[in-house]
Structures are given as structure tokens and as C-alpha cells.
Amino acid sequence: MKSIEYNEQLERDVLAALSKPSPWYWVALVVCALLFVTGLSLWLYQILKGMGVSGLNNPVGWGTYITDFVFWVGIAHSGTLISAILFLFRAKFRNAFNRSAEAMTVFAVMTAGLFPLIHLGRTWFFYWLFPYPNQRGLWVNFKSPLVWDVFAVSTYFTISLIFWYTGLVPDIAIVRRYATGFRKKIYSIFSLGWTGSLRQWWHYNRLYVFLAAFATPLVISVHSVVSWDFAMSIIPGWHTTIFAPYFVAGAIFSGTGMVITLVVPMRKIFRLEKLITINHFEKIAQTLLFTSLIVTYSYIVEFGLAFYGHHQFEAAHFTYRLLGDYQVLYWIMLFGNSLLPLTLFVRKLRRSIVYLFIVSIFVNIGMWLERFVIIVTSLAKDFDPYAWGLYKPSVVEIGITLGSFGMFFMFFLIFVKVLPVLSVTEIKEEAAHE
Amino acid sequence: MDRRNFLKLLGISSGTALISSCGVDKANEKIIPYVIPPEEDIFVGNPAYFTTTCTECPANCGMQVTANEKVYHDVRNIFPTKLEGIAGHPVNDGALCMRGQASLFRLYHPDRIKRPMMRDGDGNFRVTTWKEAYAKIIVELAAATGEGKRNMYFSGRTTGTMSGLTDDFCKEMSVERLPEFEVFSHANLKKANDIVFNRPEIPHYRIENADFLLTVGADVVETFMNPVASANHIQKAKDKNNLSWYHIEPAVSLTGVQASKRFAIKLHSEVYLLAFLLQSLSQQNSLKKSLPARISRLIPDYSITVIAERTGLSEENLRLLLSRFANAKTPLIIAGGVSTAQENGLETAVFAALLQWATGMTDNTVDFDHAENYGSVGSMLDVRKLEDSLKNKQVGVLFISRTDPVTYLPEAEQFVELMKNTRLRVALSDFMTSTVQECDIVLPLSHSLEAWGDAAPRKGIRNVIQPAIEPQYDTRSEGDILLQIMAQKSGAASAQFYNDYLIDKWHSLYGEGETVGMLERGYREEPVPSLPAILSGDGTEAFLKNAGFVVESSDKPVLVITPSIRAYDGRSKVLPLMSEIPDPLTTITYGEWISVSDKTAKKMGWKDRDEVAVELNGVSLKFPVKVQHLLPENIYMVQRDLIYPQATPVDSRSGEESWYVKDISVNATGNHIPMPIMSGSMHEDNRGLLPPEEEEHPYEHKEEHPVGRMYAPHEHDNYRWGMAIDMDSCIGCSACVAACYVENNLAITGKKAHLNGREMSWIRLEPWVKDDETINYDLMLCQQCDDAPCEPVCPVYATYHSKEGLNTQVYNRCVGTRYCSNNCPYKVRRFNWFDFRLPEPWDKMYNPEVSVRTRGIMEKCTFCIQRIRHAKDKAKDENRLVQDGEITTACAQTCPTNAITFGNLMDKNSRVSKLAHSNRAYRALEELGTEPAVHYLPKKESKEEA
Amino acid sequence: MNEQFVFGEKHEFLQKLKDLVKGGISPKKINVFTPYPVHEVEEILKVPTSPLRFFTLLGALSGLFFGAWFTAWTSLDWPLIGGGKPIVSVPAFVIVTFELTILFGGVISFLGFLILSKLPSPKRIGTPVEHGNQFVIEIQSEGK
Amino acid sequence: MSKLQLNTFTLGIVAVIILGIIIGLEYIFPHGSGGTLLLTLTFWIALVQGTVAVAAAGDATNSKWIGPLKKELLAFHPLILFMAFLFLFLGLKMDVFPWFENQNRWLNTPFFLTRNFVLLVISYFLARFYAKATLRNSPNKGNLAVLYLFFFVFSESLVAFDWVMSLEYPWVSTLFGGIFFMESFYAGLAIAALIAAYYVKNGIEDQTVMTKVLRDTATFTFGFSLAWAGLFYSQFLVIWYGNLPEETSYLVRRMHYSPYDILFYLSIFLLFIAPFVGLISKRAKVIPNWVRMIALVVLAGVFIERILFILPDASMNVFSAILETVLMGFLLLLFFVNRERVMGYAGTERSDR
């Protein structure tokens, strides 16, 4: 088949996704939007009444909100992993996923970014977290991990956005070619008047490499910073050196899980089986397995060393995690994060889309629970037994959490209808190589 | 009639500094409210101080009121904002208990009766005028006498001038004054002293002079007589003559666990123990005074083994007690509480009295001359008499003043019925109690902080009661009411004011000058004739002849009613703070519970919060369980304010009621009741909050690992504020907690918040069960760590470390990330989950020097930084440094045993540095390297005692 | 008038390009349009490495120095003790500095890209140039 | 070079002799011998396991870049067995460990020796199977690679926790294991870079391929300098920030006391700054001499850091330390020179690229 025809075909296949949406699409979109709105109104209610509407209490100052924050940041990470790290490693299978993964990153960071604000006691002063000249003569405390968060997350958002958009420009130019009327105008504007001239490609390639090169250490730093929100404190179960790499791996793990969760239905609905093949899935499954092993390794090390010396508090804490009030969550987490992924050693299972989808769901749940367990159990029982107490999420917290899912999927649904879900240009380039 | 004019009457120009305070006469001007001038934002002046007396319980501690000038509802006025004990006061010497600290909540209580009321035709209360009410009373009184009925005046404990006035009133109006009604009447003690010494009184126990104290059931640091004084004196005795204090009790009480040694004794068997002590001591003739033969031969004589078996005390413990008595120079035994309020409580009291006498009782340990002023207090017998005369419809007008029999008496319904047999029922009260509900005329009383008066807690002491604020409602003092009724009857144009009456009395008693002195000090000590107590052979012999040692202790379940340190007999329940602060023994705040022995609980498989139904003579009461360590098996405890023992036997000899409820059955209902238990766990397992035990030091590797620091400690220039807390002196009375609440405007969050773990206390008392032998406490508050983990994590510098070593919290900078609280190993930071505000008019008591926190911010103890600021300003004016002892925190100030020492650690000679560097001192969770500024001195192990 | 060569297949296009360069037409006069990046073109036309890297370097360094200075300066501006840590806690400040390095580096690289490749170009947005999936060689004719 | 060509048997003999000499040294210079032995063990195990791990990682992620060097890297795998036996002799030096006096459930001599020995042996056999498979290019090479990496991670972690961290008992850092296997991999890469540089310099093998390999190894070395910095910083920052006495003691002793502080900063320079700055530019990555130098710097860094880990807790004997290092270096050289035979022993026919 002549490459030019192949390319035309390819463009049609991918852009088919942008055609008129089915009723089901609208249903899904509306459901997500409603969830999103509910979440927002609950947040407003919380602002007016006070943090008391959450289940948080004296020992347990952080709960569902911070869990959600870490969870969404984690989701974001695989996007960068797939687009940047795999790009640097010249791993071929990335271009089946990178576009949607990058979109996922952007939306996930947006979602995550809300939670630090939601969990503030006085949200209306959130801007105090940013360093700006003020007549109080006060700056922010750069020693505080939360300030590191502010910088890490905002940097991460900016860079991911740029990275995503850069990759999009040539593809938008393609859509421009197909679009008509008003939409054509919009696409023209966002294509920045891309021509595909030598000069453009020349700088474009460099930029892409540089952005990838920046994104890679960035993604690692971001989740390290997130992990340090906990590791910097002295609470048993939080204060441990392995946290940074452990959280990074966990993040990529959960993110990869989410990629699968998103791409499997997308592939089915938009009939992209030709472009997103089983082999691609096998690769992504291997990533899942690999990161799962790292996470498991961290679990084992954490546990082992807790009982290694006479570290009374650590030992007490991990016993509590294992057998205490939250043990059920912990065991579910272990199943989803450590046991189930092991089955991916079996090639047949690796290559079964349905099975992968199921595993990915468990991974999402497991990773959410992991953060929850780490955050809550450590706070619930720390040094002073008198101050021990339990936490359980309130309706408001659950509502806002669901709202965040609504927000994320709403954006994703909009994305799949307005932008090419695969990197057409890269697939062309890839095809030309063979 | 305001202070100024009154002082004029006293013949003192308002210029003279009446009370040692600069602000006082300014304050006087401000007693009359006036609309505020434009610049309403500047109003925090220096506070004014008044001396007065606490009327929250019969102990009558001397109080110094701090009144702040502030704007309330656009009106500038002065408001009492803090109560503290008068330093050097013979009763409480500067200290105040938690109830006293909280009594401001009574002053500003929204539920107070605000105007006189009268029951109209259809039986509803309607507002009336005083005149009308008086008129009705006068008419009814006359009518009743006409019918040949008896009018009666039934009141709570009344002392001082008021007592005299009441007599005048009763004579004038032909009313019988009944013996006063107190739940804790201590009738057996009075009776016993009558038998043994012909002195039907409760002596003043001078614990400070004892070198060995044996308390038998008497909860001396909770409610017995004057707990503040007792605690204070126990500490004095510890310092002076190295007192060792043993406590014997059938149940378990805070007092018990605070004693240097505690013995659990079988129910009713105290009397055997005392008898045994008497006998054995006289046999080894180590008695200071030997009992006359005719008495000693009547004292049962049992072998040590029998006694050991009867009492449940081990033989060596018995020997230990004997040797203690034998070797003590000035031993003191105090029986009371649960040990005398029982079937053979009288015997117990008598033997205790005999033991007192025989072991060399002198006026400096058991002082009858300064006997506690309980003479006019009646017993259950008197109540029965009243009930009889009500039954026979002999009562015309019944005055019920400052007491609530319907709530506290057994068979309340019956009493309500009986009351109906009167022509008219007049209530003098500040609250709509169940008794007041049953009356026809309600005369609202002013709070003692709104009225003049005096009190005589014990012979030889006269306390001043003077107002710190105008009456907030149309209320009057009892004195005024009685005088006005009399005046209205005699048709006088205007009645004499009670304070005029007082002046006359005081002038006639002490003369003008002395009166002023008394007002300045707040009290006056007057000489009393000394009349040594002599053993009355006949009385004692007569009693012993037919004394019954009948009641044997049994293994059936028994419900023991104990007094409550928070509610006293129940009267202090109306103070919301008393439910907010945990019960020191169980750490329960709101609601009721039944204490179940841990052994019983294990056997029955009950856990905290399981609901049980207690069947006692037909009635079934439901309580959630609180497992209580140290409580003997089959013994259940419920606090006095929660239930009244229905129909428990009353001792016909003394009128004392028994607090033991027998033949009960307790079964689980299967329900699970949410109950706010503040303590997450009672077991410390060597986490470093209590001092680590020598034998198994949890940080043995310390030496092989040099204590490392990543960065150098930072500088302090003149001050590093620190604290030393002596847990050996601390008696767990929680007065410090209450003081902190009032001083720092802490929020009252309520039961729901407590169930969600959202209490706001900045300082808390943590009980730890030590290997099922005893309960040790630590007092946890912000440790003001030098390397505070909470500080660096705050993104906005809302908390940071001051040069003076204070871990400060900037309320208006805080955005509420709660990271600091997460990272605080002591968990002493508190977050404002909602806008916790005191409802009006309680907000009148807010301390204007401390900001009231809004929702969404973190708050914490800062060593009463407002007080530090004041002292430093003062020092700065006189350009010098703050002296040691010049400032103290609210918690330290009110501590009856001075367990808390606050000061400057940079000053090597300050009391706090000395204590901090004493070899006893340790710091909480020291191995975390947080460098706390709070140093603890552990409770001395009772081993050292034996 | 520029002369244009249009190809459907990559190899034909590259072949022609090679010939043209051999044919002595200076690479400066040649412009090509491709549907996706073709690295061979750069080799054939001897295009030097993109100057974009200087923007990147500039961005990264400015971020680095700004971060290092800003964290230290703000802390010293009002020195507040926290947890006994030094006022200027380098280990803690490394992080923010690092993030700023990346932020500046990334953003300035992007701007550099826009500047260098003359994007966005209003002209092209107005009337887009479409070559579809074809490979186009454009040679500026003499005189111009 | 060709002088060093030996047959398999002689190679074995030489290995045994060297083993004997090293043991001997421990007895000739008993003072501080425990520390010296630990140094030799921890450093060289990192190298030999690392080289195999690098090859395995290539197969696990089936990225082609390392292919051309596979055989060279795998040539060292028999030395894992060598180290395993050398390790056994640590059994005679257990007194270097503070917990030797009061042993507990995990830290007691028999269990300590067996678990580590067994893990090493297992990882040896896996390395061997993997080497066979990959050179035969058999389909399950990928799985074997993963399996090897799995055990590599665990045995290196135990090297970290058991051999080194327990010198500071009861001090713990959960990241210690991670740092160790990461460094081992780092060292493996450095060796790969050395070989690539050597090939390019002496024009052995296909130059275009080798230059590419050189660039890739260099790039990865560069990347790992960052990764190392990341892990080091993660551990440092947590301890620094927490400032818990029983945790800081470890760092304080190495940062605030001479001479360790020099080693401390030196290792940071050798393992992070030098390779990062040295290899940041695209051009530098293909200059054989330069890359070789950086590679040696990295290896030196790992060596220095091992000293830094061990020396504060277990004294060393300088002379025997040097001698042992030289001997081991020689042994590695031998195995490299005789890679064809070793691989032959590993049961592969000459594979042609």
C-alpha cells in the first residue's frame, strides 16, 4: 500500500472519532457534568459551614481530600511517563497512548490542583500560599513541603500543557484540513498557521526533545515532593526515606492503570483496534507489572525494617496497619496493587484486553486505598495514645471525591470529541520507518 | 445602689485604692452602663480586681474577680472575665477548683430566671412585680398562721450574716427555719463526733500538720469538705514533713489513685480495719493516749488473718499500716465519703474518731475550735420530719431557698405530691429547677457576683461577698428579699438594703477600719475560744455496747454512688464547662456512664460503650459501660449527679443515707451507645510520656548512638519561657484545664463535636494505667519545643518560634492546612472545625486580651502569652527584666498544689530552671529530639514509701 | 516564481532532494514541506543544530539563579525561626529552585520555538497552506 | 592482552588462587580485616551483579542499544559465584557487626550467612541461565532477564541492609537497599561504557555500531548520575528535615566529622557532579577517552562511597584493601579477556552480530 494512501486512511480513521457524537456520549457527558456540579456545591457548603462538615478530627487532620490529591497527581504521572520517558527511551509503543495519556495528565493535574484548596480551613485565603509582595512584608515558608507542592504542581501543569500542545500542533493542522466553517477557524488559530515547513520541523524536533528531557526529571520530582508532604513529618508510617521513589513508582503504576481504564473503552468505541493493538497493550501491561513490583518491594521493605530494630512506634504502627481498624482496606489494597498484577507474568493474561481492564480497575481502587491507608492510619494512632482517634469520610467528602471524577471524565469526554486521540503525525513517521 | 455610693456609706472616698489595683475606681465609674463614645475600638483598659467569695459549693473559697472593661452590644461596661483564688486566703490560698473557675458560666447563664414570677389561676407562671409577690406572700403567711398552720423556711447551707438575717426574718414573720438541706450532709461524721466528743460538728482537719495521713473513703481532693484546701495542705505537708498519704476505699476514686498508696478494701469492712488498728496499736502500746478499759474492751478483737480475710488487705499491708501509725509523730485519719455514707458508716466514723483521739489527736491536726460551719445543716431525718408535717397538712407557706429537694431527694414524685399540701410555695432560686417548677411564687436570686454578702465557711473566718457587676436582670439577693418582705409587712416606706444591714453588722462586729481591711483582703480571721475536745467515755461506751457490726461484705454486685468532682452533688451540672472537661478518672466528657471493673467486664465480655441495664428495686436504669481499672470485681460505680439511689436505707441514728445500692442485677442490653471518651487508650506502654522505667529502658542504644542534630540549636537572648510540672504534686483535679478555658476563650464544642474527636482543650490530663496497680497521670499541653516539628511545615509562617522560645500561633495568618497538627507528636494543637462561639450572654465572659478564633484556623497553648506581654511591658517601663514568679500562666495560678511552675529557663536561679535541672526531671517523648520547654517530675513510686 | 516539486512517496522526495543539492542548488534556496518530520532532510541540506538550545539553556539558568536567590532572599527578608532549622535551609530550598529551573527552561524553550519558527503566523492562520500528505520541495527562483 | 588468554580450567584455578590469597590476607593482616573484607565484597559484588543486570535490563525492556556489549557484560557473571564463596568467609569476621553480641530473630550469624549466600548463588544461576538464553537468543530470555533482575534487586537490597546497614544497628533507612542496587546498576553501566570506549578507541568491532553504543551508555551514565542524586537526596532530605536523633546520628557522623566529611562530599562529586557536568553535552558522549575517564570516576565514586559506608563502623587495613582491589581488578580483566571461553562455558556458540 502506498504510504500516501495509508496516511489518508489513517487520518480518516483517527478523525472519525471527531464525528457527530452518539446520544450515549451526551448521556455520559451530562452525568459527569452533574457530578462535577454537585461536587462544587458541596465545596461551597463546606466553605460556608467550616471544615467540620468533613469527617476530619483531632488526630486525623488529613483524609479523603489529601488522598484524592495524591491520587490524581499520581494519575497524571503516567501521561508524562508515556509521552516523555518512553520518548527518550525510543520505545515504539508509546504513540498508541501518548496523546490520550498527555490529555489525561493535564486534566488530572487540574483536578488534583483543586484538592489542596478544598482541604484548606480558610480556602478564601489560598493565595497566601503563593509568594507575592504584600504590605504584611510576609513571604511564604520555603521550608514547608506544602510550598514545594505549590511550585511542583504548578510547574508540572504548565510543562505538561506545553508538552501536550506542542505535540498537538501538527495534528491540529491536519484537523484544520478536514474541518469546515467555524470549526475550521478555531483549528486554524490553534494550529498557529502550521505549514510543516523545514524550518518548523527543524525547531519542533529540538523543542520536543528538550521538553521530554525536562518533563522526565520533573515528573519524578513532582511525586517525590508529594511524598515528602508525608516523609518530612516525623509521624511513624510517614517518615521514611524510601517514600520518594516508592511514591513515584506508585504514581506511574496508578497512572498506567488509569490509561488502560481510559483507552480500552476509547479504542472500542472509536474502532481504533487497527492503531492500538494487543502488542501495545502487552507493553503497557508490562509497565504495570514492573511498577507494581517496585511498589510491592517498598511494602516489603517498609514492613521488614519496621520490625528490624526496636523501633517501638514503627512496629506498633505497622501492626496497626495490618490488623487495626483499617485492615480491610489494607488487604484490598495489597490484593489490587501487589497480588493481582503478578498474574500479568502470564503472557495470555497480559494479552487479554478484558482481563487488563479488570486489573486496571483494581489498580485504581488499590492505589486510592494505598494513599488513604498511609495517610489515615499514620495519623489515627501516632505517639500519644491519649490522642488516638478514628476517621471516616463524611458525605461531603465522598461527594466532592465523586465530583472530582466527574470533572476529570467530563474534560476527557470533551477532549475525545475535539482533538485527535492519537498522534497522527507520529504514527505516520513511525509507519514511514518500516 | 452601686459600689460607689456604698463605699461612701462606708465613709471611704472612692479615691482611696480599695483593692490593690490601679483600675479599680475607673471600674467603679463604669459600673453604671453608658452608651459608648465614637472611638469604640479602644476599650481594653487595665482590668479591675475585686475580692469576693465563691458560692459554687459550700466550701466558700476566697475569690479575686478580674473584671475587664469592654463594649457589649454597643454598651461599654465592665464584666467579670476571670476568677482566681485570693493568695494567702486561709481556705484556698490562691487556688480555685474547676467548678470555681467555671462559675462565671453560672453568672452569665442564659437559663437564669430573669424576673419574679407568680402562678396564675390556670396554673401557669406569669411575670409579676416584686411588690405584688411580696404582698401575696404576706397575705398567705397571715392566713396560714390564722389557720394554725406552720410556715417553714427550707434552704441550702446558709452561713454568716445571712444566717442571722434569716433568723430575724423567721422570728418577724413567724416562720419556722428548718435545718438546711445538703446532699453531702456528713451526718454520720457529726453524729460520731457527738458520740465520741460531745461535739456534733465536723472538725477542721489540719492536714498540713500531719506527717501521716490515712483517708478512709474520704475523697479529700474531690468534694469532701474543701477539696482545694485539702489538696493544698497535703502538698504543704509533703514539703514540710514529708507526708505519706494512704487511702483506703471500697471502690476507686481520683483521690485514691492520687494517694501515695491505695488499698482496695471490701465493702463495709473499714470498721474492722479501724478496730484492728486500735486494738493492735494499743496491744503494742504505741498509742499516744491509751483508751479507757471500758471502751477498749468493747472494741472487737480479731486476729490479723481474720482481718486480712475480712478486709481483703494483705497481712503485710496491715502491718505496714500499723507501723505507719506507730512511727508517725502527728498521724491523721479522715473517714468520710463512701466509707461513712453506708450502713455501718457511723461505726466507721466512730472508730475513726477514736483512732484520731488515741493516736494523739491535737488541735493542730483535728481542730474542733475552727470546725467547719455545718452546724445548721440537717440530715435526711430532718427531711423526713418535713415530709411528715407535709403529710399531715400542717404546713402553710413553704419557702424553698437555694436548694432543689425535688431533684436530690429519693421518691421525688412523692415529695412533689406532699408539697401540694401547702397553701403557698415560695421559691428563691436562680434557675428553674424541678423544685421551682412546683412552686407558686418564684423570686429570682442574683448571683453572688451581683450581690453583697458574706460567708463563714468555718468558725473564725468571715469571707466578703461583693459585686463585680450590676445585676443583669431583675433579680435580687436573698438578703434584700427578706428585708423587703419584712419592710413591706411593717408598712415601712422603703426597706433597708441588705448591704446597709451588712455594714451595721460589720461595723458593730469589727469597727469601721477593720471592715475596710476585710474588704481589701476579702476575708477576716477572727479569734475563737479554744475548747479542746475531750473523749466522752459514756457516750462512746453506750454506743459501742449496741453498735452493730452486722453487715458482712458479700460478693453480690453492688452499685456504689460516688460524688462527682465535676458536678459536686449535681448542682454544677448547669455549667457547660463541667461537661466539656473530661472526668479525670474516665476521661468521659458528656453524658452518663456506669463504671465496671475491668475484671467483671472481661468476664462478661463487655467493652466501653456497651449498654447495660441496672435493675435496682424495680427500677431499670440504662447506662453505657466504661471499663474502670482498679475497681474491685462486682462493684459498679455511678456518679451522684447521674442518679439518686432510690430508697437506700437511711441510718435512723444519724440520718445519713447509704450510697450502696444492694441486690441489683446488671445485664447487657446489646445496644451500643456512642460516648465521648477522650482517651484513645489508657496504656502508655513506655512510649516516653511517663518516665521510662529503669529496668527496661526503651532507648538503651542512646549511648552507642551519639544524639545527632543536623543543625545547631538556635539562640535565646533574655528569656526562654519554660514550665516544670510535678506529677507527684498533681492531684488531677483539672482546675488548670478549666482555668485555661476561661483565660483563653476556649470554645465549648458540645457532645456531638466530642464524639467526633473535636474537643478544643489546650491542656489535658492523661491517665495511664500502670500494670493494673495504679493510674499515673501526665499533664499534656503544648511543649513549646525548641525544634518544634509543627513550625517548619507551615506554608505561610502562621506558626513560628519566638526568640523567647514560645511556639507562637498567628491566628489571622493561618490558612488551616492542619499540617502542623498532623506533625505534632504531642497532638496539642486544636483546629476550629466550625465557628465555635459561646452563645449570648455567655460571650460576656470572653477575655478581651485573647482573640476569639474563627472557623478554619489552628489554635494552641502559648503559655498565656497575653500575661507574658503584660509583665514584659511593666518590666520595660521600669527598665528591668521580668522577675521570677512575676508572671504565671492561668493553669499554674489556679493549681491547688502548685504542681505547675512557670518561668524563665535562661535565668539559672529561677524556680523553673532549678526544677528542670533536678535529677528527677524528664521530658515527654524526649527521644524525638524536639527539645521541649516543658519538664516533668514523675510521681514518686510508692515503693519508696514502704 | 518559485518552482515546486510535489511527491507522494518519501523516498522519491528524498532522491530528488539529493539530486537538487548535487545539482548545485544552494540549500539556502531550498524549502521543503513534509507531513511529518523527516530527519534525512536535515542531513541532506546540512542544516546545523537548532539554536533553540540557547533559549533552553538561558531559561534553565535564569530559573536556577532566580530560584536560588528568591528562596534565600525572602527567608532573610523577615527571618523567622521554624523547627530550629537554619534561616537559609539550602536542602529545603533546592526543591523550589529545581522546579523553577524546569519551569523557566520549559516555558522559555517554547517561546524560543515560536520565535524561531515564526509562529503563530497570522497570515497562515488566515489562509492556511495545505500540502496534505505530500512532500513538497520549493526552490526560490533567481533574482529574488 | 593475548598473554592473558587462558582455558576455562586455568581460569578457574586462578580464581581459586585469588580467593585463597584474599582469605590469606585477612589472616596476615588481622587488624581491621573485617572492614577490608566488607569493602571488597560490597564493591565487587556491585560490579559483577551490575554488569549482568545492565544486560538483563536491555532484554527485559527489549531495547536494542546494549545488544552489542551483551557478551562482554555477561562475561563477569561467574564471579557472582566467586563473591558468594568469598562472602562465606565473612562468617569468621562477624564481630564487626554491633549486633554480634546480642543477636535477634533476623540478625543472627547462621541465618545471616545462609540467606545471603543462597541469594547470591541463586542470582548466579539465574545469571547463567539468562546468559545462555540471551546469547542463544531463545524466546524466554525476556522472562529470565526479569527473573534475574528480581533476584538482583533482592540480593543487592540484602547486601545493603545486612552487610552495611546493620553495621549501624539499629539505625534504619528504608531507601538503603534501593540506593545499593541502583548504584550496582550504575557501576554496571560504567563498565559497559569503559568497554565501549575501549572498542571505539582500538577500532574493535563495527565502529558505527560501537559509537552508537558508546553514546547510549554515556547517555545512561549521565541519566544515572541524576538518578543517583535523586535517591541520595531523597534519603538525605528526609533525615535532615526530620532531625530525629536516632536517625541523624548516621549522617552526622559522616558529615560533621573528619575525615569522613571529605569522603562524603567526594562521593557526591564523583557520583553526581562529575558525570552530570561531564556528559551533559551531546558531543562529549562520543569521545572515548573522555567517556572512559568519567566511567572510571564513577567506579571510583562507588568505591569511595563503600568506604564511607563502612569505615566509620569497621576499621580497615589499607594495605590489604589495596591488594585485594588490585587482585579483583585483575580477575575481572581476566574474565573480560577470556569472555569467549567464559561464554563458551556458558554453553554458547560464537554469536555474530
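In this document, chain identifiers A, B, C and D correspond to the written order of the chains, with residue numbering beginning at 1 in each.
Simple rule for what comes next: a residue touches a chain if its C-beta (ideal position, glycine included) is under 8 Å from a C-beta of that chain, and two chains touch if they have at least 3 such contacts.
Because the structure is predicted, anything quoted here is derived from the model rather than measured.
Averaging Cα coordinates per chain and for the whole protein, the chain whose average falls nearest the overall one is A.
Here A-D and B-C were compared by C-beta pairs in contact; the pair with more is A-D.
Between subunit A and subunit D the centroid-to-centroid distance comes to 35 Å (mean Cα coordinates, whole Å).
In whole angstrom, the spacing between the mean C-alpha positions of subunit B and subunit C is 79.
Centre-to-centre separation of subunit B and subunit D, using mean CA positions: 72 Å.
Computed from the mean C-alpha positions, the centre of subunit A lies at a distance of 58 Å from the centre of subunit B.
Across the assembly, subunit D contributes residues 170-171, 237, 239-241, 243-244 that each touch 2 or more other chains. Across the assembly, subunit C contributes 80, 82-85, 92 as residues in contact with two or more other chains. Looking at subunit B, residues 701, 711, 787, 789, 792-794, 797, 928 sit in touch with two or more other chains. Taken together, the subunit B residues at the contact with subunit C in this complex read 711, 713-714, 786-794, 797, 799-803, 931.
Subunit D meets subunit C in the complex at residues 233, 236-237, 240-241, 243.
The touching residues of subunit B, counted against subunit D in their complex, run 699, 701-702, 704-711, 787, 792, 927-929.
Put simply, subunit B touches subunit A in their complex at residues 587, 678-689, 698, 701, 753, 756-759, 764, 766, 780, 789, 792-797, 813-819, 821-823, 825-827, 830-835, 855-858, 925, 928.
Within the complex, the subunit C residues that touch subunit A are 8-10, 31-39, 41-42, 45, 47, 49-50, 52-53, 56, 70-71, 74-75, 77-78, 80, 82-83, 85, 89, 92-93, 95-96, 98-100, 102-103, 105-107, 109-110, 112-114, 116-126, 128-134.
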